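First the structure, then my questions, so here it is.
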Amino acid sequence: MSDLFRVEGLTKNFGGLAVSREISLAMPAGERLALIGPNGAGKTTFVNLVTGQLQPSAGRVVLNGEDVTGLGAVERVRKGLVRTFQVTRLFSDMTPEEHVTLTVLQRERKATRILSRFRGNAEVAGEVEGLLGTLGLLEVARRKVGEIAYGQQRLLEIAIALALRPKVLLLDEPAAGVPSSDTPRIEQALERLPPELAVLMIEHDMDLVFRFAKRVVVLAAGEIIFKGVPSEVAANSRVREAYLGNYANARSVA
Amino acid sequence: MTAGKRILGAALGALLLGTVSAAADTIKVGIIGPFSGPFALQGKNFQAGVEAYMALNGKSVKGHDIEVIYRDLPAANPAQSRALAQELVVKEKVQYLGGVYFTPDAMAITPLLKQANTPLVIFNAATSAIMTQSPLVVRSSFTTAQTTSPLGKIAIERGVKKVISAVSDYGPGVDAEAAFKKAFEAAGGQVVEAIRMPLNTNDFSPIMQRVRDSGAEAVFAFLPSGPTTLGFVKAYNDTGLKQAGIKFFAPGDLTQESDLPALGDGAVGLLTTFHYAVSHDSPENKRFVEAATKAVGGAEQLSFPSVGAYDGMHVIYKMIEATDGKQDAQKAVDAVKGLSWTSPRGPVSIDAETRHITENIYLREVVKGPDGKTYNKEIQTFPNQKDPGLATQ
Amino acid sequence: MRDVAGIVLIVAAGMAGYWLFPDNLALLTRVIAVALLVLSIDLIVGYCGVATLGQAALFGAGAYAAGIACVNGVTEPLTLIAIGALAGAVAGLLMGTIMLRAHGLAQLVLSIAIVQLFHEAANKASAYTGGSDGLAGLTVGPLFGVFEFDLWGQTAYLFGLALLVLVFIALKFVVSSPFGMLCRGIKEDPVRIKAMGSFVFPVLLKMFVISGAVAGIGGALAAISTQVVGLDSVSFELSANSLVMLVLGGLGTLYGALVGTVIFMGFEHAVSAINPFHWMTMVGALLIAVVLAAPGGLSGLLEKITASGKRTRGGRA
Amino acid sequence: MQTILSIAIDAFAYGMALFIICIGLSLTMGLMRVVNLAHGAFAMIAGYIASYAARDLGLGYAIAIFLAIIGTIVISIPLERLLYRRIYGSPQLTQVLMTIGITFCVIGITNYFFGPTLKTIPLPGSLSQSVNVGFKTIAAHRLFVMACGVVVALGLWFLIEKTAFGIKLRATVDNAAMADALGVRTQVVYAVSFAIAIGLAALGGVVGAEFLPIEPYYALRYMVTFLVVVSVGGAGSIPGAVVACLLLGAVDTTGRYLMPEFGNFFFYAAVIAIVCVFPRGFFGRAQ
């Protein structure tokens, strides 16, 4: 098969409880796939299984024709399977420029060097500047992350991911927690992602999903209940049930 | 205004003159000891011995005033020991060094003595080998081998043939084990088992179980004085070894007077050998105990390091007398070689060859006095004991 | 630029110590040896976020290695320092391998267990280490064949100061290298670092080795200048004290390590000379006061003061 | 067999003594998240009070224990208000600095006022005798320590798991802000928990004095032991602390019986092994 990335029958049990059941999906290069689902559908577990934070009980993760299921999180990143985090995980004492520089150096396997300067490489510096420029982070490049706006932190998450030159990118709710005034900038960044990159986006914001995704997968109770194009999602009865059932529950609790 | 200035000037002048003249005539003695921390009691006894000597014998020798400078070295720490000694010699300009509780601390000072032209009088550190490190060291205390060796004969005399030895696993403990084994086997006994206990042992009942299982008729023990001793003796009583008739021999570190109140009645009957008991019956000791008790601040705190310090000060006074205030370490040491006097512990002398003290070792039994308090009662004397550790070298 | 100024300041302070306290050089040399130990802790605690109460194991490894080499005829000081650094690095490798298996409190306890085992091993191997009597009889040859390690301790002090400055410069390079940044990242969030495609364990282990070498140099310096190695150099007490010095000075700046060591040891020396019997209370009060006044350590306090100074100046401009 | 039984009972007694002294620290570290290195200092203060009450005033053992607990808590109240409150939620190393400082002060002050000698707490006749339990002679006091340990363990378990206060405490630990919002007076909960932990330290100091004698350096001398026991058990876990104390007590005791000269090797090798297998301690809470 020519798929860049696919998962086959991914299953995870915690004790007796199945949090992921027989999940299979495939992505060619250039894919823009959105994974949606109500709270507790198992999206985060899925991301963790794919990126290697969790080991599946059954199933395979295949990248570029290679089975990476047995590999740890770090090796998968090195093979081009990269993620962002739902809640930003950044180093509050470092600047965006330092984050991206470190990431580029790491990608080049130069990050464990002791006998070179952190900013000693002009080529790296140029790439970093380019990335930060693309994401509109140049003006805050040398301020500590703890002091910049949350929207900018989210953009930095994407910049870090891109600095790793991924083949497959998992965006875990890239717009979560961002004030609506800043969402256009995130959207813009998503539009500018390299075209050949396969992107799997997990998102709640349906507007964003509809504008971004070519295809949509809906997850509920650990299972895929829908695969298709965005325009069909709303009409699907199982999806409606999953969401509205959830909604009804939410109503009764309130 | 002017009058005030004049008075001030005069006062300053007097002050300056005073210090200058005093400095010219003051001989400084630096004392290093554990004055704080886990061994603070021993350091306090150093101070008590020094102060008692100066109270009884005056604070000057041949017109030279003696000034004592104390420096704290809470635990064995050679680097700090060297730093303190260096400071005392170079900065405070002391002409004599004294004190030192731990062997490694003494070892760190000995390489300095020649350049410093300063003798070191050791008040406690009890390893034989220190004396060979420098010809400028004199010791006024004891060595573990010296206080332990008579026990070999004593055990045999009391009908004991098989002994189990239990010592703390560190230098002095190992020395004690070796010295006892040598003396006991020379006298015809047999050490059936030798246990070395980690220094930080808190519960000694498993050791006592081993003592019981070994079938020995007596236990020979050495632990550093302090809390561990208490645990050991308690366990010896609690586990019924005492009632079972297993005898207990140890050097006197185990029944130092300041630990006796804590040991209580459990200590009664313990047999120890040592160079000094606070109860020693002599006029010299009465004077000493009176003065030292005053200095240490309570009779229950007085213990053996005080007498080492007291006699150490005696040695230093004699050195000052011989050199008449001039700094000449070799002459000072030569002057006390062969020196003999009556110490609170009994007759003593400095061995001319080893520079270590020759003294009586006493066998003591812990008994209950008429006031209900326990004390070490001297019941047998082994006169003029040298350090067997040095003699063999 | 700031670092150049900082290093000039260290050299100046070192020389000031030499001129102002010419009679306390042995103490100052000891301060330098401990400062190296505290620096090595800063590498692990301040830059990697690994808590340790057992760093003296590495210091002691360096001290004993240098001491044993010296007793066996290696008397050239620089060689001894190199031996100490090597031994420290090997010990660091071992310690890191064990400690990095755990996190948090468990890690702290592993470090304690390791230093206790080292201590016990040094006590047991008394044939080589002298046990509790200490390893004595180190006669170190003159530095460069000329300068003797003598009573006055000028050689030892200047040698130590030079070592400290060199190590400090080297460490400044280390912590500002890509590797140093990576360690800082791991300290803040190891999961993020993994998501960047970097392993955590080998990076931290590398820092343990570097830290071990630094601690080992400190140990070797202590051995050379004291000419005796005691069990205290592999003790929990030394480990705990030096961690206290580091926290006192402030973590993760390297400067804090130096400030903390000098303040703690200087204060301890001063109060224990004034009252050899009850100085501990004063040291305790100092620690409490620092926590109340400057929870981030003394260097953090300095930074705050300079930062507020800058801010006011900036405001005027 | 006799030997094994005898070692077992020694191990149990020692483990229980450790438990009583350490459980308070486990609570402070696990539930209040304060690395209280001064824990031993409070145990020591209690020891001094009990010694004064029993030896110098001639009061009974039970009264001495009671006075020691009350007295130590009273002493700790100003410390909690002035010092500990400042470090709740601080980084652990800051807490270490503060509590080591307190320990140094307590040691210095004790040494100044009471001198460096050992202090004993005379036992009543019924506890100071040796009891023959068939296969060995054991001090009655050891039986008392074992009983105390069991009572403390059960009592604490009941307090934390079964009472209203326990619920508030657990809520406060899990999320102080949320508990506050729900009307739990977290300051009071902290203060009470602190007092309980100090009270336990005091009880441990007095009851365990036969194992760990009272002297000024107590707080530092046994600090490592306390830290190790608490961490191996998992801070804040009562069953964890029980298991850790019994297991480490057993390792220590058998190690010292079988090969005393390698006793420390056994002990610390066991600690390393346990920590590597249970990195959070036996029943540690996830961090």
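Per-chain residue numbering starts at 1, and chain names A, B, C and D are given in the order in which the chains are listed.
Rule of thumb we're sticking to: contacts are C-beta pairs under 8 Å (C-beta built on N, C-alpha and C of every residue); 3 or more make two chains touch, one makes a residue touch a chain.
Predicted, not measured: the structure shown is a model, and the values here were computed from it.
Excluding chain D leaves the other chains joined by touching in one piece. Judged by contacting C-beta pairs, the busier of the interfaces A-C and B-D is B-D.
When every chain is represented by the mean of its C-alpha atoms, the one lying closest to the mean of all protein C-alpha atoms is C.
Centroids built from CA atoms put chain C at 43 Å from chain A.
Chain B and chain C have CA centres that are 35 Å apart. With each centre defined as the average position of its C-alpha atoms, the distance from chain C to chain D rounds to 32 Å. With touch defined as above, residues shared between interfaces to two or more other chains in chain C number as follows: 120, 124, 237, 277-280. Within chain B, residues 36-37, 40, 44, 169, 198 each touch two or more of the remaining chains.
Chain contacts in this assembly follow no simple pattern; the graph is neither a line, a ring, a star nor complete. Chain pairs that touch one another are A-C, B-C, B-D, C-D. For chain C in complex with chain B, the residues that touch the partner chain are 22-27, 29-30, 33, 120, 123-124, 126, 130-134, 136-137, 139, 150-153, 222, 225-233, 237, 272-273, 276-280. Per the touch definition, chain C reaches chain D in the complex via residues 45, 51, 98, 101-106, 108-110, 112-114, 116-117, 120, 124, 236-237, 240, 243-244, 247-248, 251, 277-288, 290-292, 295.
Those residues of chain A whose C-beta lies close enough to touch chain C in the complex are 51, 53, 73-74, 77-78, 82-83, 85, 89-94, 98, 101-103, 105-107, 110-118, 160, 164.
Against chain C, in their complex, chain B makes its touches with residues 35-37, 40, 43-44, 70-72, 75-87, 89-91, 103-105, 107-108, 110-112, 115-116, 127, 129, 133, 169-172, 174, 198.
Put simply, chain C touches chain A in their complex at residues 173-174, 176-182, 184-185, 188-189, 191-192, 194-199, 202-203, 206, 210.
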